[in-house]
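A, B and C label the chains in the order they appear, each numbered from 1.
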């Protein structure tokens, strides 16, 4: 079953075409990686999925319903979660409260679910610390914990491994595989190692258009993709 | 003691102290403190929006005046007794803040500040324009006979003190309750990072509107009590100065703390009281304090207390 | 007086208001445009200009023109220096944070206003205009023998008022030239477009900010010097110019100089003409509500283009 799909999705910024005519389908339960060179329109594309940006044209459907006109918070309530590319946590609140805000919105059990989400990303010992005092890598993990605590059906992660140490990246890969049982995952990722190890399928964006789509080995072998990345095309 | 117990001890301790002071203070300071408690209630209303939601309004005088005139005009022209008149004042503030919030919250940041300033200015001018009913700048007095609530003569110092105390205690406990509940915690989240709060699925606009309405209504309640307890309604309470004062009180006492508004109102009241004994240009004190706070202590007294001594201060 | 001549008189008075308002509002707009901060003390710089003009004119004595000419130079320069000093000691330390700057300039407003009250006192004092010849103006009437000129009683203006309009025009052209034709204007515009990029290219952003803040205040002071022979200097006189400047800057589109001038003319003129039909209070109510609604529904101003 298709959880998320777009038809003809496009975004212009004052004449500059950031995303152009994208048809995209994401089946339920899949881990999909979205890759592409810098400026390919990846963040713009997912911004339109979760309602942070208004498309210039096109439709977005989630779970069979057209959500093109819904504001961001209503899309989140349908079961999407989004972690920001540039870390965005509540810096002056504790890690507990950061995650609790995610739990409370869907009337979950704060006392049990907050520690569980923090432990799952490896921040169990930092529950009372201020989010702003955490290292950059830990803040990224906190964002993922907030994403988990929303119990989303679709989790959109925008470059989650940026700034993580090697050991944290290993733990992240395990976490993603573990999560795939509960949620569909759309992963924007630069780290090819992570993409190859986690994704079921890969979509490549280039100049705002879908360049290729396939399994990780197919994408690795694709000449057009190599050209886009290496600039030899 | 747990943090929750400390919080209760501090705030109920303050209320108990205020009850005790009624019997201890000499007449002059007794009267002042009654006034300060009403003004502090106004500041609590302001703080709910500025301190906890992060929305800086330069027009709260319109809510204070809405309460004052909603109460005063219904006494003067409709012959209301105090209880329904107070309710009329509060209802006026509620309606005004709902309408104002729905419009002004379409803007953010500096534009929001200027919109609040402009609406409040329009409100002040409207009071002047309908001078036939409001008596404009001159204002009007509410007679002693019109200020008897349930048989209690509110012109008597003790009755007035306890009426002011009741309002203040209600506002203090209300604000404490609000910020300990999910609604208040969400407001804080919006103040800290609006975009993140939205992407957690919170309806940011609805929460901000709720904060404007709550803040405006509490401010109006303070305005209604002020007019009733001190027997006067005048356009000067709708001027920019009465929008700046709660900002000053809250900045001085500590934005985003529950007791901050009271501390700020208390300090400012006596500061102006002393300065006005020395010079006609006592408002210079307000200027200097505002400037010093912005430059050197943007956390205010409550913020410093939280940072240095009481990390649990709500 | 009939309605025609009456409207003409109102337009003439409105043109004087518009001229002074344009100077004051362009000062505010310049500061907002380049520095992205709102200066709430702008009205007090206006007031300071008027009070200093009175001080210069009275301490010099002699023919009114000498005192006035001196005030025309001294008051804006002094006010500009005070503002630049305030920028360097206060706004710079706040790193031009928009909200904290507003609170700080509110503090500055009270300080300037109350120090003036302490030193200059609560009285309103006049400055003599350098020249002030009354000019009666004719009106056309359609009589039985075709159009005929006549001089309605009360329709007239003074040479001084016409000079104010002319002087404001000259200064505004000067500001426009400064911004578009000179190196310093280029530097200001570069700072406005991208502060960090400007800094990277070696533009001394801090000095540009002090200059812009000083220039903005000096323009307000200049407007005040021009108006003080008509209006008298008083320590509370800064309030209305501040509010009107806000209105003008917002209606004209935040930070847009041509938009600001057009809006100043429109609002200054309509202030005169509207008060023929409405009471001044009602006119002000409508103007403030207009601004609030413009900000809510058309934040780019009535004349600004919607950003892409």
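To be clear about the criterion, a residue touches a chain if its C-beta (ideal position, glycine included) is under 8 Å from a C-beta of that chain, and two chains touch if they have at least 3 such contacts.
Predicted model, so just to flag it, every value in this text is computed and none were measured.
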Nearest-to-centre chain - CA centroid comparison: B
Farthest chain relative to subunit B (centres taken as mean CA coordinates): A
Interface with the most contact pairs, given as the two chains involved: B-C
Whole-Å separation of chain centres (CA-atom averages), subunit A against subunit B: 43
Centre-to-centre distance between subunit C and subunit B (centres being mean Cα positions), rounded to whole Å: 34
Inter-chain centre distance, subunit A versus subunit C - centres from mean C-alpha coordinates, in Å: 52
Per-residue multi-chain contacts in subunit C, two or more chains: none
Subunit A residues within the subunit B interface of the complex: 50, 52, 72-73, 76-77, 81-82, 84, 88-93, 97, 100-102, 104-106, 146, 150
Contact footprint of subunit B on subunit C as seen in their complex: 38, 90, 93-94, 98-100, 102-104, 106-115, 117-118, 122, 243, 246, 250, 279, 281-282, 284-285, 288-289, 291-293, 295-297, 299
Subunit B - residues contacting subunit C, complex: 56, 58, 103-104, 106-107, 109-111, 113-115, 117-119, 121-122, 125-126, 128-129, 244, 247, 251, 279-284, 286-295, 298
Touching residues on subunit B, where the partner in the complex is subunit A: 182, 185-186, 188-189, 192-193, 195-204
